[in-house]
Amino acid sequence: MVGRAATTGQAFRATLKRDLIIAYKRKNDVVNPFMFFLIVATMFPIGISPDPDRLGEIAAGVLWISALLASLLAMDNLFRADYEDGSLEQLLLSPHPLYFLVLAKNISHWLVSGLPVVLVSPLIAYMLNLPDAAYSIIFITLLIGTPVFSLLGSIGVSLTVSLGSRGLILAVITLPMSVPVLIAGTLTVQETLNGASLGGYLAIMGAMLVGALTLAPLASAAALRISVN
Amino acid sequence: MVGRAATTGQAFRATLKRDLIIAYKRKNDVVNPFMFFLIVATMFPIGISPDPDRLGEIAAGVLWISALLASLLAMDNLFRADYEDGSLEQLLLSPHPLYFLVLAKNISHWLVSGLPVVLVSPLIAYMLNLPDAAYSIIFITLLIGTPVFSLLGSIGVSLTVSLGSRGLILAVITLPMSVPVLIAGTLTVQETLNGASLGGYLAIMGAMLVGALTLAPLASAAALRISVN
Amino acid sequence: MTMIEIIQFSSLGEFFDMGGYAFNVWSVYALFFLFFFINLYFPLLKRKQIIREQKRRSIVNKETATEISSS
Amino acid sequence: MVEVETQAGFVENAGRTMLSVDALFCERADRVLFRELDFSIKEGQVLQIKGSNGSGKTTLLRILCGLNEGYEGAIYWYGEPIGGKVEEYYSSLAYIGHRIGVNKVLTPKENLRWTCSLQQVVADEELYEALDKVGLRGFEESQCFTLSAGQQQRVSLAKLLISDTKLWVLDEPFTTLDADGVKQLEDLLRDHADKGGAVLITTHHNLSVTDLQVLELG
Amino acid sequence: MVEVETQAGFVENAGRTMLSVDALFCERADRVLFRELDFSIKEGQVLQIKGSNGSGKTTLLRILCGLNEGYEGAIYWYGEPIGGKVEEYYSSLAYIGHRIGVNKVLTPKENLRWTCSLQQVVADEELYEALDKVGLRGFEESQCFTLSAGQQQRVSLAKLLISDTKLWVLDEPFTTLDADGVKQLEDLLRDHADKGGAVLITTHHNLSVTDLQVLELG
Amino acid sequence: MWLWFSKLGSPKWFYELSGRWLPWLVIPMALLLVVGIVWALLFVPPDYQQGETIRIMYIHVPFASISLAFFPLMAVAGTITLVWKMKLADMVAKVAAPLGAWFTALALMSGSIWGSDIWGTWWIWDGRLTSMLLQFFLLIGVISLRSALEDSDAAAKACAVLSIVGCINVFVIKYSVEWWNTLHQPASSFSLSDEAPNPPEVWVPLVIMIIAIYLFFAVSLILSTRNEILERERRAQWVQDLVEAQ
């Protein structure tokens, strides 16, 4: 037994790999957050105004809000299926620190649902007539911000995974918590457009990411233990 | 047996009542769409601009988009639990026309998730600094528009109810279908603000509602039969 | 009376008018009283309900207990 | 399409032929589950469908109930294709599948009332009586998520006590029942058959019902 | 807190006491499920937990696995409170509950690989071999949603063939298995016990395992 | 210390103790409230800028400041629930959430009524206002999580986790929202704290009202907690005796 015991690293990799395979098998998981982001972003020209100048003014905010909502909707996939089929119990019964296993799930989830959104953001930025100078900034800030959305969302999902009707309560819990990131992100874009230097703002966002990376999986792990009770 | 057979009306009422009881027992189903609407609407001043004038310009669009998203997120409750616990199969095996049973579920769902959003909309309209003249219009158009969102969403849910990860695919299916309503709604608000008369626009929205009421439950019913297969 | 003198209003009407801001001032105070009332009265009401319910329960329990012992 | 005439022969026995199946063929995931399957079930019969795991029992039951349409062949209800008599068929059918149709938030009473009311009018006393009989006295008003697996199963079975349906289609109804529950359900099936009803059941259990018919799959 | 010394007495028998439970008390939804429950399970034992529906079997198993914390009393793993040795305990425990932990999208192989790899390193051959043994040859690469209920159950049970864990906790593992499957699992349990492992199992089935211990609940 | 702690954790002990405390909270509360309100309404001189609406301050400020205490309170209670599994802490946390929502709502409403006169609008997206609104949403989140989780033990722990996370977050929100706002909106007349040089006849009644409303908060919290105790301990002998005696 001892010789065959898996290290935490191996369990981490196995979990990461498993989740990526699942995502690959249901290609929807990859395509949909992305499509949702596209569609929601298109609602704004339709719902608000197709006028390029006005769109340009609101573009950064629209991009961030759409990314937040896309991340929120994608969250439901994180532990749901595992809870329903009992895999979550197996996860909790593993001898390894739950922190790492939850982190593995978070990472694979972000790779699948967050990263595509970040990658497509310059395109939407163009369509929404965001000033050219902001493309790279929106890209970088989203790259830092969307993992934080995922990590925060993960806490919410862990708390609500045992509920029948989860989507909305998840939103009610997670959206207010995501506001600081939303503010930091949109402010960074606006202020750099106004000529401020990126450094300080990015540092703040980076700090948020580091904080979320260290604390959120702990909270998620605790919440999961409670939820399967 | 014959004497005790239930009429379609009785089955309709029983289903309506059951769904309302379920909603009552999980009070969250009532509160959350409403809270979601409030919170999403709050994201816009934060993400875009707290400046009242700029808010006022986008307010109508923001309200409609938030209502659409709230309705979308609430949809998941419509058939999900029933599918998972097998009640849906019982529904399909009832001798009554599925149209009415689906309609009963749609109605109770809208009462619980759509109506509260409509009722609170003037408050949000105020907070987003929508021009005063538009309050009643936004209220009326949402009153006509949100049931259409629900009915259309119901088709999407029926199609996706058997899928593991539903939230997003549902959105990807339903949002594009809802665009006409979104356009009609926001146009109505804008045009009446510009002095046009309400009548024509409302007639169009009314037509959409009537169309959705007659056709959507049929489509949902057909989709449900396919989904449980 | 000094107390009377430092009252900021010369008449009752003026008092109710609140310098033209009657609605604002009084609605806040009304809301306060409403909340005050709700948050004191409801817990007291609930206490009564709990006790009533609990009495009913204990009676039922006793009845079922006797039922079981007699059967 | 097979002619209805060929079905006439079935009606010779005591009970009339209720449901009959002609040359049923079903293939799932590239595997043929059954082909040329013919059988019929008469009033007063209990038919157990047997077969190893994955042999297609659940699939067959769902096909018969119209919940699965991936088949070829014909199904008749009292000699007529069910397609034309869906309403009548569904008012005479009680199906309990792997998913038992018990809402977790509602109480047993509310669950039972709704399931029954899809087919017939029920009085509250009937509900209480049925729940009492399946051993849920005292749980009538607890929400179902507080019940154990077997208790939830009992909620779904209570419907059989109330329902006036003729044909019961039960997919592994014994899974979570304890010994008492199993016995009670077996009695119930026998009663139902005696009263002229018919039962189609799958289980890996050895049913102790007199006059059991068995259909072996796979 | 009960002193660990009182547990020393357990170690007199042939197999060492693996898991022991002291004065366990559990109450759910206002009903006391068990109180002052004491028992222990030794290496080489199969312990069946019996009880009618709703008597608390599932709850007990979940408490023992640390999945449910609504209890009072103490649980010991080789004489020490599990709280202090969770890691060791969890590397020696295999639990299969009502929810069997089989992802519908993955194939049996992928499912099995992941569940096992949470505890130990596995080779692909082992996976194939185990799946073959539980009768899933040919289904290794089909997605699990295309499998029948019993086949999915078999996927989860395959883990027992690979795992080196000492204590198996199985909650109604027979529910959807056919006769063959039941027999095979019973053999497996016996083997495991012979090799010095221990099994805690609930089922409404009559287990034909030699040397069966029974704990009656409720 | 430990003994005291576990004793405090005992609902019965708290029930009896709080029963004895209550009069000593209710009486000063009533007195201070009467004095404070009469003073605020009759004797405080109108502000040179805000006129009579200054009287709203005596409601707004106490409620606004107590509202900020709820998340820390719930987080502390939550920590105790998680670490020491103390039932009483969870009961307090449970009743605190709705009470907090009431208090926050009143702060929001009184502030917005005040603002309708001073700012000429009922609502602006100012930093403090927005953060207060978000705190309200988070409280609703806690309440709905509690009501959605049916199992009360799991609900207790889940809400504890959410309260702790939420508490950190309320500070982050407050900080970030004010940061966001000050960068966007000149800190002009919207500043809330420029009444420092006010004379005693303005701030003394404010202090009285703050104390009175703190007492009101304590009384209401205790009353609800006592109900919660009766409900959750209803099978304990002492509760049954108590009910019999009623």
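When the chains are written out, they are named A, B, C, D, E and F in that same order, and each has its own residue count from 1.
Quick note on the criterion: contacts are C-beta pairs under 8 Å (C-beta built on N, C-alpha and C of every residue); 3 or more make two chains touch, one makes a residue touch a chain.
Note that this is a predicted model, so its numbers are computed, not measured.
Between subunit E and subunit F, the least number of touching-chain steps is 1.
In summary, the chains found to touch both subunit B and subunit F are A, D. By the document's definition of touch, common neighbours of subunit A and subunit B comprise F.
Annotation: C-F is the more contact-rich of the chain pairs D-F and C-F, by number of C-beta pairs in contact.
Chain centres here are means of the Cα atoms, and by that rule the chain farthest away from subunit E is C.
Centre to centre, using the average C-alpha position, subunit A and subunit F are separated by 33 Å. Centre-to-centre separation of subunit B and subunit D, using mean CA positions: 36 Å.
With each centre defined as the average position of its C-alpha atoms, the distance from subunit C to subunit D rounds to 56 Å.
Subunit E has residues 69-70, 98, 104-105 in contact with two or more other chains.
Residues of subunit A in contact with at least two other chains: 26, 81, 84, 164-165, 169, 172, 175-176, 179, 183, 229.
In subunit F, the positions touching at least two other chains are 134, 137, 140-141, 144, 148, 151, 153, 177, 180. Chains touching one another, given as pairs, are A-B, A-E, A-F, B-D, B-F, C-F, D-E, D-F, E-F.
Interface residues of subunit A, counted against subunit B in their complex, comprise 26, 28-29, 32-33, 35-36, 39-40, 43-44, 46-49, 54, 57-58, 60-62, 64-65, 68-69, 73-74, 76-77, 80-81, 84, 164-169, 171-172, 175-176, 179, 182-183, 186. Residue ranges of subunit F in contact with subunit D, taken from their complex: 150.
Put simply, subunit C touches subunit F in their complex at residues 6-9, 15, 18-21, 24-25, 27-29, 31-32, 35-36, 38-40, 43-44, 46-47, 50-51, 54-55, 57-58.
Residue ranges of subunit A in contact with subunit F, taken from their complex: 155, 159-160, 162-163, 165, 169, 172-173, 175-177, 179-180, 183-184, 187, 191, 219, 222-223, 226-227, 229.
Per the touch definition, subunit B reaches subunit D in the complex via residues 1, 4-6, 10-11, 14-15, 18, 21-22, 25-26, 81-82, 84-87, 89-96, 101, 228-229.
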